[in-house]
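Following are the structures in question.
Two complexes follow with subunit A in common, the first pairing it with subunit B and the second with subunit C.
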Partner chain A sequence: MNKNSFIQNFSDQFDESDDVEFTASTVFKDLDEWSSLIALSIIAMVDEEYDVALKGDDIRNATTIEDLFNVVQSKA
Partner chain B sequence: MAFLKVENVKISGVSTCVPANIEINEKLPFYKSVEEARQVVEAIGIEHRHISPKHIAVSDLLIGAANSLLDSLGWEKDSLDLLAVVTQTPDYVNHPTSFVVHQSLGLDENTMCLDMYHGCPGWVVGLSSVTTMMTTGCIKRALLLDGDVISKDQDASNREERPLFGDAGTATALEYLEGVAPIYFNIGSKSEDGMALARTQGGYRSPFTMETLKIELDRKAGLLTGSDSIDSMDSMDVFSFAITKAPKAMKRLCANFDLPLADIDKLVLHQANKMIVDAIAKRMKVTEEKVPLSLRHYGNTTSASIPVTLSTGQTAVDYRASHLKTLACGFGTGLSWGAVYFETSNLVIPEVVTIK
Partner chain C sequence: MYNPFSLVGKTILVTGASSGIGRATAIECSKLGANVVINGRNAERLNDVFSLLDISVGQQHVSIISDLSTLEGVDNLIASMPIVNGLSSNAGVLSSHKPIKFLADDDFREIINVNTFSHVRLIRGLIKKKKLSKGGSIVLMSSTGGVKTNVIGNSIYDMSKAAINTFAKSCAVDFASKQIRCNSVCPGMIRTPMTEPTGTLSEEDYKEDIAKHYLTGRYGLPEEVARTVVFLLSDASSFITGASIMVDGGCSVIH
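Right, the complex of A and B next:
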């Protein structure tokens, strides 16, 4: 599983954060655009791209994009 | 695995009854701006929902749906052998709702009454139970009534839940008829995640205390702030469950019984919200025009959402006019799912009944 492509897939779920540079250490819940709807589209993306079913707690317990990447990698 | 093939039962008609009163999502009190409200409406696909006033209980909606369907079919009330009710919002704590309906409809004392407690997969699970009871021909005619007044159970201040749910009652008429196309089911449970949709207080494990009763009343009055709430839906868990399990269940059903997905005329999904319906349809690789929606004007009507979808709007016109092969899936409460394949010819569908 490639970390950079995960970050790209992650950032694709955001429409209005063009000025934000998404990196492994981005604290995604601090982004202005972060919302419960984006959380759902992240879950859908992870199911589609990695065939992993994320739980609510996986999102709640993750701080950075890398945290979530690690969760997906451990379940893939 | 619970794969069922049920022969000799015809789905003859479907009807819907809703309270006349509607609640418009854009006007809900907790949006900061019109734009924010429109964004939510766009994402969930729900413009308004029918909400019961105080004096309407679920039996009123079920009776409205039952009467109009019996009239349209021309079925005598004493020809019913079985009356089944699926609801999670019964009229009374103790006294099954099927008996309330039985009395109100004036049914014969030889009509069997059966209540089933279930949430969103309830219509499919109820259909599997009733049709398997009918398959040997001992029961010739049955009504499956399915609905909730789920708005009475909602957290009125919850921004994630309140825009979704609407009230509805439905009736599905079933009759024994040798040689009709079989109905196929796949039903399953993932109970380990069930608390994502649980309401734990006020039952017999945790009866209300003065403190929890106050929270409950505040919840319904919209006075709770997030942290006070005892139970709230884990929408991320439910979403993840729905978009992964529902497509798998339907694909497994089709594979098990050799039902080509390409032959399906309608894919009728539990109307959880538009994001979920779209995500499941995409995973099933079914084109949009085959996936009818009722949620825009009815919202998520819990277990009634599949029969509501069949019997309202343009979808009702299609079902009245032709022979259709339907693949449907309910999912949620349990957590669990019910996938079903059935064929119908010129379904009898009366106009939607509204009551005040």
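Right, the complex of A and C next:
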């Protein structure tokens, strides 16, 4: 599993954050655009791209994109 | 004793009876004196419900295992059941919460098939085979979802419940000449196995939802929906047809 493509897939769920540079250490819940719809999009994206079923708690417990990447990698 | 809500002497078909609202409805109908025909897919759970049905005034109950998500299953149920005076139609599944751009064709097929088409097929068959008697009552299980409220990521479920809600009104019109009434019940969030927090939503999300959206300060119980169904099946509601009754702890008022 490629971390950079995960970050790309993650950032693709955002529409209004063009000025944000998404990196492994981005604290995504601090982003202005972060919302419950984007959280659902992340869960659906991970299901579609990686065939991994994330739970709401996985998102809740993650701080950075890398945290979530690690969870997905561990379940893949 | 005077009781216009009594179901004594009536035979009621309850589908989706092995769990949740259907289960509670079957039990409540039996307690109000009805002979109940229960239907579900899971033999073990259906047997469990059958053993809980009240028989104190000589009610005769029947249990028929059949999968209403298929035409064959509907035909099988209709062929094996007696003529009934009422139908409580509950088959339903919850869709996984997904934004629209991620919806797969299989998502539509499964949810709409169970939540909408299975009810339509059943009612079509009951009328065609004359298994619902004149003066009968149909109660379709809809939801506040899609009727009063729309929730993020819940589009297919909401669509399926809006469809069944309007189908109830169409039934009221089509079957008026047979003096068959048809109404829908629209529950808000009810704690059943179907709505247990499993993945995307947690117990904490539920607490937040209750605080924001429920005037009652809690979600509903299956029995609270079941008693509304009982009312609509009974002669107490004889002037009510084509209606949608909200049983939602006030959530549609402040959503």
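We adopt the following convention: the second predicted complex is superposed on the first by the 76 of 76 C-alpha atoms of A that agree within 3 Å, B and C clash if a C-alpha of one lies under 4 Å from a C-alpha of the other, contacts with A are read in each partner's own complex, and residues count from 1 in each chain.
Rule of thumb we're sticking to: a contact is a pair of C-beta atoms (placed from the backbone, for glycine too) under 8 Å apart; a residue touches a chain by one contact, two chains touch by 3 or more.
The shown structure was predicted, so the numbers you read here are calculated from the model rather than taken from an experiment.
Visitor: Look at A:36 in the shared chain and tell me whether it touches subunit B only, subunit C only, both, or neither; answer first, second, both or neither.
Guide: Touch status of A:36: both partners.
Visitor: Figure out whether A:53 sits in contact with subunit B (first) or subunit C (second), or with both, or with neither.
Guide: both
Visitor: Would you check which partner chain A:45 touches, where first means subunit B only, second means subunit C only, and both and neither mean what they say?
Guide: In the superposed model, A:45 contacts subunit C only, not subunit B.
Visitor: Just to be sure I read the superposition right, which of the two partners does A:24 touch: subunit B = first, subunit C = second, or both, or neither?
Guide: In the superposition, A:24 contacts neither subunit B nor subunit C.
Visitor: Under the contact rule defined above, give the subunit A residues that sit at the interface with subunit B and also at the interface with subunit C.
Guide: Correct list for subunit A: 36-37, 40-41, 43-44, 47-48, 53-57, 60.
Visitor: Which residues of subunit B touch subunit A in their complex?
Guide: So the residues of subunit B touching subunit A come out as 40, 43, 160, 193, 196, 234-237, 239-241, 243-244, 275, 279, 283.
Visitor: What residues of subunit A sit close enough to touch subunit B in their complex?
Guide: On the subunit A side, the touching residues are 36-37, 39-41, 43-44, 47-48, 53-57, 59-60.
Visitor: Give every residue of subunit C touching subunit A within the complex, in rising order.
Guide: Touching subunit A: residues 97-99, 101-102, 152-153, 199-202, 205 of subunit C.
Visitor: Inside the complex, what are the residues of subunit A that reach subunit C?
Guide: These residues of subunit A touch subunit C: 36-37, 40-41, 43-45, 47-48, 53-57, 60.
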